[in-house]
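Quick notes on the structure that follows.
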Amino acid sequence: MEQFQIRTDLALETKERFEEDHVEVRGVRIEKEEDEKRELQITKVMIETENGAKIMKKPRGCYVTIEAPNLMEPDEGYHREVSVKLAEILCHLIENRVFTEDKDIKVLVVGLGNREVTPDALGPLVIEHLHVNRHILKEYGKYAMGVDHMVSVSGMVPGVMAQTGMESGEMIHGIIREVEPDLVIAIDALAARSTKRLNRTIQIADTGIHPGSGVGNHRQALNKETLGVPVIAIGIPTVVDAATIVNDTMKNLIEAMEEAKVLPTLSGSLKSLDEIETRQLVRELISPNLNGMFVTPKDIDDTIQRISYTVSEGLNLAFLNLAEYEKKPGKDTKKEF
Amino acid sequence: MEQFQIRTDLALETKERFEEDHVEVRGVRIEKEEDEKRELQITKVMIETENGAKIMKKPRGCYVTIEAPNLMEPDEGYHREVSVKLAEILCHLIENRVFTEDKDIKVLVVGLGNREVTPDALGPLVIEHLHVNRHILKEYGKYAMGVDHMVSVSGMVPGVMAQTGMESGEMIHGIIREVEPDLVIAIDALAARSTKRLNRTIQIADTGIHPGSGVGNHRQALNKETLGVPVIAIGIPTVVDAATIVNDTMKNLIEAMEEAKVLPTLSGSLKSLDEIETRQLVRELISPNLNGMFVTPKDIDDTIQRISYTVSEGLNLAFLNLAEYEKKPGKDTKKEF
Amino acid sequence: MEQFQIRTDLALETKERFEEDHVEVRGVRIEKEEDEKRELQITKVMIETENGAKIMKKPRGCYVTIEAPNLMEPDEGYHREVSVKLAEILCHLIENRVFTEDKDIKVLVVGLGNREVTPDALGPLVIEHLHVNRHILKEYGKYAMGVDHMVSVSGMVPGVMAQTGMESGEMIHGIIREVEPDLVIAIDALAARSTKRLNRTIQIADTGIHPGSGVGNHRQALNKETLGVPVIAIGIPTVVDAATIVNDTMKNLIEAMEEAKVLPTLSGSLKSLDEIETRQLVRELISPNLNGMFVTPKDIDDTIQRISYTVSEGLNLAFLNLAEYEKKPGKDTKKEF
Amino acid sequence: MEQFQIRTDLALETKERFEEDHVEVRGVRIEKEEDEKRELQITKVMIETENGAKIMKKPRGCYVTIEAPNLMEPDEGYHREVSVKLAEILCHLIENRVFTEDKDIKVLVVGLGNREVTPDALGPLVIEHLHVNRHILKEYGKYAMGVDHMVSVSGMVPGVMAQTGMESGEMIHGIIREVEPDLVIAIDALAARSTKRLNRTIQIADTGIHPGSGVGNHRQALNKETLGVPVIAIGIPTVVDAATIVNDTMKNLIEAMEEAKVLPTLSGSLKSLDEIETRQLVRELISPNLNGMFVTPKDIDDTIQRISYTVSEGLNLAFLNLAEYEKKPGKDTKKEF
């Protein structure tokens, strides 16, 4: 039922939505992979054409999703197997889609979001546990540190516009002009369409940050076009938009009534409403009070610590691996984790 | 439509619900008051009989609600006029319903909630700005401080059971045995039924904390029976239970469809469902994923600072006033603010 | 006794030191002012020549010090009279020494320091309570806000290099290139020479931040030369360098022994040591363990909140006043506070 | 030179002091142990008689010190080998000196100190990472959890009297009456006499907390006498009292001058001063401004996170081991780590 709005930052959910409606989307390819040992499911959604981008309402590029049902369980503070998988995916993305030559790379990691709103604190918390080394490399040089290649890592937390008076994009652009990284990795808390994905899904996209995405609804795009540097976006959905909850509920109501054979004609009747009448219905339904509201679980404080540590460890592992990779002769030699 | 569950910690909302359904509740009395100068609306719900308590599902006692639409606007950090009103109500409650004799009183203020979950941080933040003086009074005595009467104020934040291994009620009971206060004031973030009450309503109840209430769903009652000391509860709704949002949405859907004359028979049909069939419908509808989830606005970080400061200032003013009141001869002399 | 090292970021202390030794410093002028109503003492140290700069070991410029003995007392959370004085001085400095024409100005306020080390948290805490408006002005424009002139205010906290991998100076320079402010105001916690100045002195200097200054020992200078924009530095000493404490103690020991007539020849004997021998003495004395250590009072948590709020309020007042000032015809019309 | 005051919470430093002066202290026994594999040095100071207690100015009991020079190095976030050693010592102390029978024990861990003053945040930070289980045991019981014996662990942070109006001791006593633990473990940041011990020494004492000890100068003793329950105190020195630094400096000055043969008679002259004259000297020397001041290193924020995590992991390991130990038949069976 297309007239119901879907708010989701997850490409996977958007694709699913079309599959539910048996709509084929040309220009969008999917690859799935089961990692049985680690109990993870990896899905790659590749939007390959402009047409596919228009329908999916997301830019062309590659969107990898790690689904880790166990991420919800407390496990010695974080989930190393998820961090390892994240590192693998990141390295592959960087080596194959972003850079094609062997060189020392400089990475700026940006933690988007608001430290003071618990479900939006993912980015800042990841930066807290990130191992930065740019200042050490600048001071001592890589040879003094005993390696032939290094990945220079720096990190920043732009904060929120209400506190700084500046857009995240402006601050990041200014810093980029100063430190000239080869790559930006942006960490952000996302909004999902369904609560069943919350806090157990990681999306890695080589298309950067999309306007309107994130818990904070970012105003600007952060990508190669706007920043002049490739941007990989890593996101975990921690909230569901309240209006989306209501939309889905309505759908479920109608389907449930159909199944219960309570009102066999109801779905038919509602379907017979034209778009305009349905939107009227929806508008009266979704209280304007739900604008700017989100739904999040009560134990979000424990969860956000755990998932942010999982991401920061994934980044730290990835940067270590990239440095070693750069030492190897052939560039398609993948390091075993 | 009674079969839809209402989760609300606000007595006012419960009463409204019955009024909507034109149900008269015996044993419950309401008084309203407009404070035009300060743009506040005060409503007193007095549950006077056991029957009223049973219907309202809240204990017998007095529930005063301050509705302050302006509390949403940033105003020099906090809203003094709301603090002043809160102090007035508190003093009146203490002088008339809790204590009836002139004496120095000792108050323990308890900040319930979880500092690390933004909408549940109200209690801990209030304690941060509370002026405590018990240790000063113990050290120097009231006469050395130049007054005849004092209100001894102490404060505590029990934290969360997952962090301490102890129930808030256990910790408070232990502290009470040690410092022997005459009164406990418990501050808590509440769940409301509707988003339109969020962050602009303050409820002051002389019945203490009710099991199941609060963002954190308190397990124990905190009142005169369980703690041996009168408990006044001050709460501000900062979240709406996600399941409640869905319930209300269904109701609105059906009413909206009726009004739009889309399906004139729908409401009749749904009303014809017996309770069991409707509950089935509701259960399939409200995804189990919504359990333990709440809805809260995005700017909750600014808001929670502002409203907690408003409450702490109200408390500080109230304690100052009670001290002075105790100096006056006749106990029905109300101090002018 | 010049051989003892003085570590101080306060120009006032440096000047005093010379006065104690009856050394006249040419090229350095002092003006004192008593503000009896507010119980404040204002001292202006103006280093006017290169010679003066060399002797004082501080760049040429104007250093205004507010001494506020009462700043130590808790007073309704902060000290408005100090904020007002700070605002006056800031406005005067900006109007007369930094800008000479009427125009809308854009200010970037930078909170230097480390939020996680209590005495070094001054800068970040000031930014927390700063009223920024740049984003509002950009969105709505000044005329929509009903004024003819505005001061655009933005704020940033560069953090610490160990966390970001970037120097504060690099980050600030990058942001400046992006938002193009006319003025930078840098807030920093300082090291004083004597504990009697701690937390009750505010230094406002139009020379920016000096390398080696601040609790964090800033590596780079932040001034018009390095950033391309005038920089006003506001600092409050919150620590004393541990080595400085020891130096001063030695001096006091010798003077005390002289006065007590215990060893009349001691001071003479010690004075007879040549510089090299004394430095040897000092080196063996000042345990290398004292490097990188500072002295700070135990109640630093309360104090740092109070003084940072005093500074942020001073800034907020100053920006309001500058905006109004810009509306007045003659530029030497000083607004009455 | 006894007239110089020593402020130290470390029994080891007090004993060393006497050894330096070649003073034999009867009733005090020392045992040293090198743990070469882990690069740790363990020293046990056992004060066995009242005479020993009077001279040492510390109560009778056992004081174990772990010296871990590597604790200063960042090592994957914390130092597991130190945690393991701490757990071993704790288990031994509990099994042999506190409890002598096999039974399920209930432990209350108390994090003393002020979260908002970085070097005093050790206690609260340890509680943050402590694994509490009392609430789970109460709910499900140990048999449902598949063990025959459990150690019930709860934790609390009393905060500071200026914030609560209550002494830590009062709060702890009240909680003890409520949850009835068999043992209290109190974590506290200490003051050492010398900077060379800071942040690399852990003292475990079965005598609880001594009045006047700790960065916060605790007012009350927390021990079996005052709380009715055995108290084990775990402390790490994070500061040196500023006055102590000055005292030691004076001593070093005199010794240095002697060695440098600058003033051969100086030490003799100063030694000829009687106690009263020296105290006069000291008093004029140690500026009253140094009261309530402490010395701490600049990187205290990183350090305090690292050492508190090391302690919390030591506690978590100890409690796991005690539970298993309780399952074994003979109570002198030591579990191998």
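To keep things simple, chains are lettered A, B, C and D as they appear, and every chain counts its residues starting from 1.
Heads up, the rule we're going with is that a residue touches a chain if its C-beta (ideal position, glycine included) is under 8 Å from a C-beta of that chain, and two chains touch if they have at least 3 such contacts.
Since the model is a prediction, treat every value here as computed from it, not as a measurement.
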In whole angstrom, the CA-centroid distance of subunit A from subunit C equals 43
Which parts of subunit C, given as residue numbers and ranges, touch two or more other chains?
-> 162
Select the category (line, ring, star, complete, other) that matches the graph of chains linked by touching.
-> ring
Every pair of chains that touch: which are they?
-> A-B, A-C, B-D, C-D
Per the touch rule, the subunit C residues reaching subunit D in their complex are 114, 116-118, 120, 162, 194-196, 215-217, 242, 245-246, 248-250, 252-253, 256-257, 260, 262-263, 266, 269-270, 273, 277, 280-281, 284-287, 289-290, 292-302
Okay, in this complex, where on subunit B does subunit D touch?
-> 127-128, 132-136, 152-157, 159, 161-167, 170-171, 173-179
